[in-house]
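Labels A, B, C and D are assigned to the chains in the order they are written; within every chain, residues are numbered from 1.
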Amino acid sequence: MMPLQALAVTETTPGGSLLVLGIVMPAVALVALIGLGGRGARAIVIAALLFQLYVAVRVALLVAGTQSPLAYVVGGFHPPLGITLRADGISALMMVVSAAIFLAAAGFAWKDFAQPGGKPEARAPLIFWSAMLAMASALNLLFTSSDLFNLYVGIELLTFAAIPVTAIKGGADTLRAALRYLLFAVFGSMLYLFGIVLLYGAYGTLDISGIAAQLQPNAATLAAAGFVTVGLLAKTALFPFHLWLPPAHAGAPAAGSAVLSALVVKGSLFLLMRLWFDTFPTLREPADMQLLALSGALAVIVGSVTALRQQRLKLLVAYSTVAQIGYMFFVFSLAPKGTGEAIAATAWTGAWLQVVAHAFAKAGMFLAAGLAAEVLGHDRIRDLGGLSRRAPLAVLAFALSGLSLMGLPPSGGFNAKFMLLVAALAGGQWVWGAVIIAGGVLAGAYVFGVLARMMAEPAAGASLQAVGRGRQWIALGLSAVAVLMGLLPLEPVAFLAIGRAL
Amino acid sequence: MSAALLFWLAGSGLIGLSVYGLIVNPHPLCKLLALNLLGSGVFLLFGVIARRGASAGLGGDPVPQALVITGIVVAFSATAIAVALLLRLHTEAGEASIDEEDGQP
Amino acid sequence: METGFDIALALLLLCVGGWSVIARNMMTAVIVFIAYGLLLSLAWVRLHAIDVSLTEAAIGSGATGLLMVIAAHKVAGDTKRVVQLSRGFHVLAAVFAALVAVGIAALAFVLPGEPSSLAAPVLERLPDSGLGNPVAGVLFVFRSFDTLLEKVVLLLALIGVWALARDADWGGVPGLRLFRERHSVLTLLARTLPPIGFVFAIYMTWAGADVPGGAFQGGTVLAAMWILVMVAGVRRPPRISSPPLRLAIVAGPVVFLAIGFLGFLAPGAFLAYPEGFAKPLIVAMETALTLSIAVILGLLIAGPPKGEDAP
Amino acid sequence: MIFAIMAMILLPLAMALLLLSPALRPMVVRGLGLAPLPALLLPPAAWEGSISTVSFFGTWRYVLDQAGALLLGACALLWIIAGSAASRWLAGRGGQGRFALWWLLTLSGSLGVFVAGDVVSFYALYALASLPAYGLIAFGGGGAERRAGRVTIAAALIGEGLILAAMVLLAVNAPGQGLAIAPLVAALPSSPHCGAVIALLVIGFGLKIGLVPLHGWMPMSYAAGPLIATAVLSGATSKAGLIGLIRFLPLSEAMPVAGGMILAAGLVSALYGALLGLTQANPRSVLAYSSISQLGQMAAVLGAGLAAGAPGAGVIAAYYAVYHVLVKGGLFLWLGAQGRRIAAWQLGLVGFAALGFAGLPLTGGALGKLAFKDLAGTGATGMLFSFAAVGSTLLVLHFLRLARAPAQDPQPQPLSPAAWIAAVIAATLLQWTLFAAVTGDSARSALRPGALFDLAWPVAAGAALAWGLAALGTRLPAFPPGDIGERLIAIIERQATRIASAILRAETQAHQWQVSTLALAAALILFVALQTVFGPR
C-alpha cells in the first residue's frame, strides 16, 4: 500500500492547466451565452463541448501516459490555504465519459433548442444550453477538485443547473418535481457542509489529501463522515432518498433526462467514492458499509419492481436509474479494507464499469424514450405499438441499452455485474450476490415488457409521426458504447487505480 | 462558559429545530424557511470553529469566515430558485404543495 | 456581563428560530425569520466575524427575507395538505431531530483540544496581495477559485429563476409588483434613499479590501436601492433581454475570468496575480462584481419576467 | 473453422439487421432457410479433430466437441428445414419482419450455444437462444399467447440468473484460470461450493429442459404460438439446456450422490411426463409432455454418467437427443401441415417415427436407446428406463389418436408437408449413420435378436396396455396443460403480485417527503452510531 502522502498534490504537473480549462471554459461559454443574448448560442455550446472533449481526452492520455495523476495548484497557493485540482484514473475516465455524453445530448437537442433565426431570444434555448454548460463545468469540478468546500460549491452548482432542466417544460408536475428535487438536494448539501465544518474543526484543512494524511478515528471525524455521507446519499438518490429522482428525470426533455440520469447523479456518487476510498479509507467499517450496501440492495429490488409496474415509459426508465444506482453501492461492502486486494480491485473495477456502462446505456435509453414519445405523441407503455416501424433504430437503441441494464453479455453492464458478483461470492457476501442476480432478472422483465410493446402492431387509430434518423443514430451510438464495453477483458483495469493508494 | 461554546449549543439547537420543521412542516415555503434556518445553524457552527481558531492577533480564523460568506450566497441562490419555483407552481396548480403523487394516474 | 449577553442572545436565537419553525401563519413565520436573521448577525459580531455579520444582515436576513415575504404574500391562501401527519409521527420527528441536535451539541466537547487555525498563514501571505482585510484576502486571493465559482452559481440562480417565465413573456420585464397603488412613503424613500445607498455601497466595496465590507455587501446595498425603486414604481424594471442589463450581469464574471486567465500569462498560474498588481486588479474586479451582484440580486428578487403589461 | 463459427453466429444477426430496411425485408424472409447453412460446415470438421478451440478477444472462446457437433448438426438441419417452411408460411403475412427478427435471433443463439467454450459467450448465446422466443410465442398477439410468452420468458430469465450464479461461482472457485469452461469445470469437484454449483446448474438448465417440477411453462408454451415456431423451440432451443448440462457437469469425476439425484430427477420427469401426457386432449400439449419425458431421459443418462464418472455420457445423451431434435420438430411441423383429412401413409410414417421415442426397433430412436443401455444398466434403473419407454409408447399412441381425429380448426395456411417428411427421414438416416461412430459398435449390432427384444418389449407392452385401456373404455382424468407445474406457476404469479404490491406500497410510502426526510435523519443517526460503536478506536 502506498503511503497516503502519495495522494498529496505537491506541484502543478505538466498539463495540469487542462484541469482548470475543463472547469472554467464552460463557465466562459456560459457567460458568453448570457451576455450575447442568444446570438450564436448553439455555436458557442458546441465549441465549448468539443473543447471539453478535447480536454478530457488529453487528460486521459496524459494520465495513462505518465501512469500518474495530473495536478494543478490554483493561483499558486498550496493547501491548506489554497485549492488544488487533481485528476487520477477515475477522474480522467469520468471526464471523458461526461464530455462524450454531453456532446451526444447536445447533438440530440440541437433542433429542439434552436434559437429561431432573426427572432428575439427565446426562453428554452438560453435556459437549456446555459444549464448544460453549467453541469459540464460542475461535473469536471467534482471529478477533479480536492478541496472539500470547493466540492460543496460544485455540487450546489450541479444541482442549480439540474433544476432548470427539470423545470423547463413548466407544467405543474414538473415544477413540483423540481421543487422537491431542490429542497431535498439542499437539505443534503447542508448535511454535507456540516460534515466539512467538523473536518475543518478537527484538521484545520479542507484538502482531501491533507485530511487523509492526518486522519484519526476520533468522534468529530466519525460524525463528519456520517454527515458527509448521508448528505451525499440524498443527492445521489439512493433508496429511500430517491423521492425526487423519478419525477424530475421523467419530467425533463429527453436530452436533459439523459444527462441527469447518466451523469448528474454520478457527480455526488463520485464524491462519495472519492471520500470513502481516498479520504477515509481507514474508517471503512463493515457495519457502516453494510448499511450502504443494504440501501443499495433495497434500491435494486424496490427500484426494479417499481419500474416493472410503471405505465409511463420515462418513469420506468427513471425508476430503472434508481435501481441501477443501487448496484454501485455494493462496492462499499465488497471492497474490503486491507485484506483481499484482488477482490477489492475486482469490486472497484466492477463499480466503475457499472457507473460508465449505466451512463451510456441510460443516456441512450432516455433518448430512445424521448424519440418514442415524439413518434407516438405519448409515452404510455401499453400503447407503444408501431414504434419499431417508424423508429426502428430507436427501438434497437432501447434494446441494446436494455441488454446492458439487465447485464447480458456482451455489454458493459454484464462486465460490471460479473465483476461485482465475483467480488461478492469470493468474499462470501452471498446476499449481495443474490440481489445482483435478482436485479438482473427484474431488469430483464421490464426491458422485455417494453420491447415487446414496441415491436407490436400499432393500436388502431394511432397516428405516428416520423422522426429523423440523425437523432436515432445518436441514441443508438450511446447504447452501442454500453454494449461494446462488453468486449473488455473481465479483469481489473489498471487505469482505474492510477493515482490511488489502493 | 465561553461565547464559542454557547453559540455552538445554540447552533446545534437550531439545526435540530430546523430538521424537525423540515420534516413535518407541510408548506414548501415553510420547508424552505427551515432549510434557511438549517443553513444558518451550520454557518453559525462554522463561525464557532473560526472563533476557536482565533490567533495571530485575529479574532477568528478568516478562512471559515470567508467560506461562510460564500455559503450564505449559495444558500441565497437556492432560496431564490425555490421561491421562483414555488410561485410558478402556485400559479399553475393553484396551490404550492409538493405532497401529491407525481405522475401517477 | 458579556457572558450574560451571550447567553441571552443564544437563548433568543433558539426561541426566535423555533418560533419561525412552528408559527402557524406563514407571514408571521417569515417576519420572525427576518428578526432571527438580525439577531444572528449580532451573534456573528460576538464571534468576531464582522464581514459575515454584514453578509448575514444583507443577504441572509435582508434579501432572503424579502424573497420570503414576497412568496408568503402570494401563497398566503394555501392551506390544504394532502398528507395528514399523525401526532405519533410528529413525536418521532421531534425525537430524531433532538437526537441530531444533542449529538451535534455533544461534539463541542470532543473536538480536538488544540484548535487548528489558518489565521497565521493567512496573515503571513496577506501582505503580498496588498489587502488589509484577511477575509477579503481569503475570498479574492487564496480561495478566489471558490469565489469565481460562486459567481457562476449566482448566474445559474438567475437562469433558474428566469427558466420559470412563460415562453410568451420571455424578454419582458420582471413582475415584481407588490403594491398596485402608488404609496407615498415608499415613493419618498425611493427618491431619497438611493443616492445615499449608492455612496454607501461604493464605500463598502472600496473599504472591503482593508476593513470588513466588500463586493457582496456593497452589491446588496445597491440591489436593495434598486428593488426599492422598482417596488415603489419610480422606475420600471428593465426588460431582461436588454443588452445593457445583460452586460451588467456578466461584467463581474467577465472581469474575474479575464484576470484569472491573465494569471496564466504573468505569474504563470490561473487566478494568480502578477507581482505588485494584486491590489489594483482586485479592486477592479470588486468594482465590476459589485455592479453584477447588485443587478443579479435585484433580478433574483424581482423574479421571472411576467409579460410587459400583464397585471 | 473460426470463419464458419463466426458466420454461423453472425449471419443470422446480420440478416436481422437487414430487416431494418423495408426494401430488403422480403428478401431476408425468403432466405430464412439459408441462415443456418454455415453451421453445416462445422460438425464434420469437429468430428475429425475431436475437440477444437478457437479464442479471440481474450475472453471469447469457442469449442466444438463431439457432443456439441451432434447437437449442432441436428439443430442446424431442423432450422434449415423449418426455416424454408417458415419462408413460405410467412410470404405475404403481416408482421413477417417481426417474426423473422425473433426467428433469426433465436437461431443465432440456438446454434451458437453448442460451440460456446467460455462462460461468458455461453451465457450470452444461451440467453439469445431463450429470450427472443417470446416474440415467436406471442406472435399472434392473443391473450393466451402473450401469457404463454410471459411465462416462458420468466422461466428463462430465472434460469439465466441461476446459471449466472453458477458460472460466477465456477470462476471464483478457480481464480486465475480464465473463463474457459473446461478448466473451470475440471476444478469444480475439489471446490467447497461444488454442491451449490451443481444444484444451481441443474435447476437453471432444468428449467430449460422442463425437469419436473420445473416443467410448468413447457406445455403452456408449446400449446401457444405458430406451430412453425413451436417446431424449432421444442426441437432445437430446448437442447440449449441439454448442452449446458453436458458442458458444465464434471462428467469425468464420479459423483455418486449428485449423479444419483440427477438420474432420479430425470427418471421422475421421464415417467411423470409420459403419464401426465395421457391426460391431455390437445395434441400439442401431448407433444410437450413427450418432450418433458424425453429430455428427462437424457438428463437421467447424464446423471448416470456423472454417478459413474463416465465422460462419454455427454456424447451418448447428445446422440439420443439428435433424434428428438428432428422428430419432435417434425411432429410439430406435421401438425402444422395437416389439412382436413389425413392420409393413412402419413399416419404410418408419423407413427413409425414417433414410436422411435419409445425405442421401436429399426427407428433412429431405438439406436439412441441402445447407445445408453450400458449407462442405464440392467438393474432397477434399467427397468425404470424401460418403463419410461412403455409410457412413451402409450403417449405416442394417445397422440396419434388425437391427431387422427379431424382437426377442429384446420390450419388456415398449412405448412408444406415436405418439411416434416424431410425432418423425420433425416432423423432416421442420421441416427443410423452415426451409430457406429458414437458407440464403436457396428450398426448391425442393433439388429441382434437380444437387442431387438430389449427394445421391442416395452413397445409391445405399451401397445398392449393401450389396447387394454381402450378396450376397457378406461378414461383417464383430464388435467389442465401444465398440471402441478401450472399450479406452481399460478402460485408464483399470485405471490409475486402480492410481493410486488407490498413493495410498491413501501415505495409509495418512502416517496413521501416526510418519510424520506425522516429516514435521512434516521440514517444519519444510525450511521454515526454504527461508526462509533463498531468503528476504529
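To be clear about the criterion, a contact is a pair of C-beta atoms (placed from the backbone, for glycine too) under 8 Å apart; a residue touches a chain by one contact, two chains touch by 3 or more.
Everything quoted here is computed from the prediction, not taken from an experiment.
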Taking the mean of all protein C-alpha atoms as the centre, the chain whose own C-alpha mean lies closest is A
Most remote chain w.r.t. Chain A, using mean C-alpha positions, is D
Note: chain B sits from chain A at a C-alpha centroid distance in Å of 27
Distance in whole angstrom between the CA centres of chain B and chain C is 13
Cα centroid separation, chain A vs chain D, in Å, comes to 41
CA centroids of chain A and chain C: separation to the nearest Å works out as 31
Residue ranges of chain B touching at least 2 other chains are 15, 19, 22-24, 31-32, 45, 49, 52-53, 63, 67, 70, 74-75, 77-78, 81, 85-86, 88, 96-100
Check: chain A positions touching at least 2 other chains come out as 81, 149, 153, 156, 160, 163, 167, 170, 175, 180, 187, 194, 201, 204, 219, 223
Residues in chain C with touches to at least two other chains are numbered 83, 85, 89, 93, 96-97, 100, 103-104, 107, 111, 115-118, 122, 142-143, 146, 150, 153, 156-157, 160, 164
Contact graph of the chains (line, ring, star, complete, other): complete
In the complex, chain B touches chain D at residues 19, 22-24, 31, 98-99, 101
Residue positions on chain A within touch of chain B in the complex are 81, 149, 152-153, 156, 159-160, 163, 167, 170-173, 175-180, 182-183, 186-187, 190, 193-194, 197, 200-201, 204, 246-247, 250-251, 311-312, 315
In the complex, the residues of chain D that touch chain B are 508, 511-514, 517-518, 521
In their shared complex, chain C is touched by residues of chain B numbered 1, 3-21, 23-27, 29-30, 32-34, 36-37, 40-41, 43-45, 47-63, 65-70, 72-81, 83-88, 90, 95-97, 99-100
Contacts from chain A onto chain C in the complex sit at residues 12, 17, 20, 24, 27-28, 30-31, 34-37, 72-77, 80-83, 120-124, 126-127, 130-131, 134, 137, 141, 147, 149-150, 153-154, 156-157, 160-161, 163-164, 167-168, 170, 175, 194, 198, 201-205, 218-220, 223
